[in-house]
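Next up: some structures, all given as structure tokens.
Below, subunit A partners subunit B and then partners subunit C, in two separate complexes.
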Partner chain A sequence: MIETKQYTAGEELVNLFTANREMYNEGCPVFMNGAREAALEKFYKAGIPSKSNEDYKYTDLRPVFQNDFEVVPRYVEQSVDLHEIFKCDVPQLNSHIILLINGWYYGRNRRVGEFPEGVICSSLQHAANEHPEIVEKHYNKYAAASADPMVNLNTAMAKDGLFFYVPDNVTIEAPVQVINIMYSKENTLALQRNLFVLGKNSEARIVFCDHTLNENYYILNNLSECHIEPDSRFGFFSVQNQHNGAVNITSFFANVEKNALLDTNTVTLNGGVVRNNIKVQLVGEHAHANVNGLTLADEKQHVDNFISIDHAVPNCTSSQLFKNILDDHSKGVFSGQIHVFRDAQKTEAFQQNNNVLLSETAEMFTKPRLIIDADDVRCSHGATVGRIDEDALFYLRARGIGEKEARLMIMFAFADQVLSQIAVPVLRERLEDLVERRLRGELGPCQHCTLNNKK
Partner chain B sequence: MLTIKNLHATIDGKEILKGINLEVKPGEIHAIMGPNGSGKSTLANVLAGHESFEVSEGEVTFLGENLLEQAAEDRARNGIFLSFQYPIEIPGVSMVNFMKTAVNEHRKHNGLEPLKASQFLRLMEEKKKIVEISSQLTNRSVNEGFSGGEKKRNEIFQMAMLEPKLAILDETDSGLDIDALRIVANGVNTLKTPENATIVVTHYQRLLEYIVPDYVHVLYNGRIVKSAGKELAYELEAKGYDWIKEEAAE
Partner chain C sequence: MTEQDKILEKATSEDYKFGFTSDIETDIIDKGLNEDVVRIISAKKEEPEWMLEFRLKAYRNWLKMEMPNWAYLKIPPIDYQSISYYAAPKKKPQLSSLDEVDPELIETFNKLGIPLEEQKHLAGVAVDAVIDSVSVKTTFKETLAERGIIFCSFSDAVKEYPDLVKKYLGNAVPAGDNYFAALNSAVFSDGSFCYIPKGVRCPMELSTYFRINSANTGQFERTLIVADDDSYVSYLEGCTAPMRDENQLHAAVVEIIAMERAEVKYSTVQNWYPGNKEGKGGIYNFVTKRGICRGDHSKISWTQVETGSAVTWKYPSCVLLGDNSHGEFFSVALTNNHQQADTGTKMIHIGKNTRSLIVSKGISAGVSNNSYRGLVKVSKRAENARNFSQCDSLLMGDKCGAHTFPYIECANKTAILEHEATTSKISEDQVFYCNQRGIKTEDAIGMIVNGYAKEVLNKLPMEFAVEAQKLLAISLEGSVG
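Take a look at the complex of A and B:
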């Protein structure tokens, strides 16, 4: 293909920042603003990721940055009550519900239920000023080393997001549901920055639900850093259901200490271009990470899951399971790295990527990347790309089950091997319900939102 | 019940069935025997509606209707049951969900309300006894991790659940030890009524000691070359298939 377009969006963003530096720094403490300059420099040099960036080989982001986007460096109070116009499709979790809008912690969040004493759940910017002793210790500690331009863009320009802190020995039973809403009169580039800190022997789960509330083009660049202290258990579940004109770039960095457990599941139901970067560092012995994901894509949707797990010390275990069901002209990408450091003996790391293509035109790119620098380890990886098993289909039909229903049963069973890993029954059941509706074609991109968007 | 006239079927352009004629009436048990590669399994699959096979000539009527026009699921709902030679493993689809969906599709077809969960479970308990299948198996995914014998028992269990009018048992005896064979055969005999019929497709006479056929047909090279009573099975057991081949060649 001949390159005819000039891709200057990266430069424009740098200029936007330098021309409005004061506004970007406004309200944020020095440690946040100090990190901006180095990140901006790295972003400027790399530019918007294109196919020449090996890590973005199948996901060229330059075209999606071609639209004109508004970037809002200040929180804008909404004229409508988001609680009124938005009802998420993953409710009844009996959970705490937190709304964020265009990357900003919503100013009129209602406190739903009480957290145990010492728990902080607030705007990141607010926490950075009020609790610098916690935030500074972890802010940009896990993302800073990244060469990913989208990560660096986030560090350079993001000002707010969710801060969540659980003190030592505290368990929060109900999942905390965080609803990330894109809602604006203009095409919007939003930058959201989150930080989760789990104290020793604590336990919590966060569910992110990404939504678009109206038809504008959106780019959400949403970065989370997560620090899990020894003997803690943290679950991070991401449910992505944005419309086909939306670009969702998420980055999740986890630092997992001794004997701690991280459980993540990324479920992409809808979205235009979705890129999920997940980087897990197992830094204490006997840490364990489950990193799972499920993508259901059709039309021209594009979903890229880019995973990297570092086994930095001995005796850690990790498991990756990613599945894609791709229809129409959709495209799926999976790239999963396992890096076993020198002397990280007795590592057990597994990776599996299974894909079903429902059409002739759907495409899947899958790439395992194993770097193993220790000798006493157990690592495995496997990838499959196939179609619906015709023998299984005939078997079900031969028992009187109609073809459409039989196909659904097989697809759902395929998908459910990912969802069944979710240890929280109420969340698993809600996701199973959403996935089934998506497979039946009953769940459009944010179809539920249109109901609430009449104004 | 079932009338097959001059049935020809091909797969990938190769003709496997070359003019089958067969008449099955309610209450009858027919055995179809024959050497490997004679087309026995093809016949079973064509009757069940497997789409890999193309019917190039002939007709099949089942209960007065053109069977060949019906999709596999409609044939099943109308009362045809194929016990698979190689039952398929379907990870993630639970036996309970599978059978519940299948039973309720049959009920819907017959104008009946779907079974309630409790009714369904009771039905399952009752039918499990027929083939002595354990809850350990029915609580799993369809055929996943089942032994060869367990898979075959599971086929007859499904047959018991669906109560077909015409059961086609495709090499149901293969891979079974003598005890499992007896259990499976017992299951089939228990389900036998004067209204339903059975076609037993088998290579060996062994199964026919337990499921006694009214007619034995020898399939060779895509055609039924000999039909007789059950004594034909003993003759085949004693003399092998060579004399049939020679007769057919003449």
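Take a look at the complex of A and C:
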């Protein structure tokens, strides 16, 4: 019998942990459990982030944790086959499909496919016990320094997630699709922890899809750490498509070594409260990071993208492009930071944030920050908030295109600047299609998601 | 009798109640801050009850606040109890001729091109009673009085124009606005009050007068400028001459109220002591400046040249309340050696068709840190708001930092907001080009920096623009090579 309790306030999470310490430690190796206490202490001191936390200035998470929800410290076997009830309708993606349920690696994954020799793709807890030499070297090495309470909560309480390891000189052609499903009879807080390690001169692409399978209240606190060895290429694409009442707090930490390339794109199509923390550290020379994102929000959705890129060594390049299209009462937040460390000369870092407000009541908050401690650098940032360009609209209408269609064309072109950079062609085409339908007001979410599974 | 003399006499005569006069310098209040100190300050200044209430309210607010720590600054803890909150302005030692003045100071004066008589005044040399500046001052006063312009010290204003002060004080910066503003509201020493009546265009830059007056401004200064309907005034605070002051902490407040169609142009040149090359000493400059464009079609324009102070924490802001009102902010902030600056502006769009423009030029040299921090906020009913912000940073040397923290909050879809920022350094090509033409590297850097800052310097009143250019070059001395 699994003991589950109802908890309300964030502080009580700490009590929950202390009361069930054995259960949280159960099955995890010492290095995972050892990190829990320090993180819990930091979480306890900071509490659930509110507006008084400068990093959460525009996103108050306290109300989010006011609802009743349960936390499940053990894997629960599902009575139904998730492969049957969830079918991603991107069939051409032709990828490895890995399911995770409420933050746990699904026990009956059967569409993983064949990987080249040496690749490890498994549950994190499993890998931590089976391959401690790899996991211990990287586990909590990049997230530990974070002051973010949500990151610390994850380190303190998460037990499982995806572990993905690509050995030196291995290229995985097909993208790996990871589907994070929230599906429970109860309102649930899920804590998922992932670790990706790419060996030297390797290549892989991971597509994260966040879904909810019913209308319960879900909080997903999903943290990924990623270590990219020299000369490797890693693509991380996140497609967030949860129902309007769900909360998605996703953190992504990347450590990018010499000559390595990181390409990430976060597309938020739907969700209730979404917070994306992306922290990239360029620690080897000539490393490059592309960090892009697109948000389409309506109703009362709240989407916060919090980006931080550290240029720790000379000769690295990075580029950020984030766009928001906000309708109804939605709120968009962008906080992007470029930090060029002392002596990180010849850095080139660019940041761009463009936002369109479609309704009288939508709001946008943007905070594009530069912290530059070296002089021989090229850095720039730009941010705009506006409406659809009337001149462009006139141009199209003068050519016989109806107003509605013209507006759609302009908005789509605006969004496509982000989508066109996605390096997985089938995913890009699929997202372009989804975004277009979303903009047209046809309910865009993947067909097998929430809206078709309401029963 | 000058302002300072009056205050000094008043204070000393109170202390020595038996008609005993003395010219001994006295710090009247012991170090430390409590409610009694606030009461004593108010009593010393013979303030009415409402003024005391204002101070006490601010003091009680201040007690509940914590010193803000969000700025990108490293400030050692400040012991607010080790500061004396009321001291009659000390008389500077009177020197008999310029020969006795620190030659370094004289050299700086010469580089800035400050006229000889003014040099004497600024350096504290005893000056003849009939020198030009004094007579000029009197003439100015007459001209201003003719037009009904009120321009006097804050203490005088409280006594002579209590209705006006009462009506406008705390409008733009309420007593509990922020930590430093609350501290200032509780203990402010003195400052200036300026009222421009309806339809009057102030015939001169209030700068010139103020500059002569400004040699002895206090530690907690308070300025209130009210421009009534259809009026115009240009005001210059500060001085290009180096300001050596013993007080380490400066927390000033400036409030501007612009009524219908009024325009206020406020320019600052700040050149407080920045500390020595090792970062020892220097002034902490924590200033709250805010203007309200209350009337329709009103305009407030801030221009600042910040070259001094060890730590600068300053965000001159505009609240664009009236429809079609207009806010502007032009800034050059230069940091060298161990200086730190976190400065920028806030533009709060509330009225319809409001516009704002932000041009910020940061220059960092040595091991200094220079941050731009600005907020552009568009409220729900601010239809057709328009903002353009540009923040450029220039880095000189590989040990300094230039940072940008813009905040944009938009709640109206008709708004068009743009923000641009770039970071660059002086290219070797540019310096080489100048060298080839016989211009020394140091002069070349000065030229390039001035070209970079020209957009802002052009906004300064003419005479100060010239001095400010030289000031930039002087502040950068020793940072090249």
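We adopt the following convention: the second predicted complex is superposed on the first by the 432 of 455 C-alpha atoms of A that agree within 3 Å, B and C clash if a C-alpha of one lies under 4 Å from a C-alpha of the other, contacts with A are read in each partner's own complex, and residues count from 1 in each chain.
Convention: a residue touches a chain if its C-beta (ideal position, glycine included) is under 8 Å from a C-beta of that chain, and two chains touch if they have at least 3 such contacts.
Just so it is clear, the model here is predicted, and its values are computed rather than measured.
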Side-by-side fit of subunit B and subunit C on subunit A, or clash: fit
Subunit A as apex of subunit B and subunit C, Cα-centre angle in degrees (nearest 10): 70
Touch count on subunit A, higher of subunit B and subunit C: C
Contacts of A:I120 with subunit B and subunit C, given as first, second, both or neither: neither
Which superposed partner A:A174 touches (first subunit B, second subunit C, both, neither): neither
First (subunit B), second (subunit C), both or neither touched by A:L16: neither
Which of subunit B and subunit C A:V426 touches, first, second, both or neither: neither
Contacts of A:G402 with subunit B and subunit C, given as first, second, both or neither: first
Touching partner for A:D391 - first (subunit B), second (subunit C), both, neither: first
Partner chain(s) touched by A:R342 [first = subunit B, second = subunit C, both, neither]: second
First, second, both or neither for A:V377, with subunit B first and subunit C second: second
Lowest inter-chain C-alpha distance for subunit C and subunit B in the superposed arrangement, angstrom: 14
Interface residues of subunit A shared between complexes with subunit B and subunit C: none
Residues on subunit C engaged by subunit A in the complex (per definition of touch): 70, 72, 378, 380, 393, 395-425
Footprint of subunit C on subunit A - complex, ascending: 54, 58, 342-343, 345, 355, 357-387
Subunit A partner contacts - residues on subunit B that touch it in the complex: 48-51, 71-73, 75-77, 81-82, 84, 87-93, 97-98, 101-102, 105-106, 109, 141-142, 158, 162
Contact set on subunit A toward subunit B in their complex: 389, 391-392, 394-403, 405-406, 409-410, 412-414, 416-417
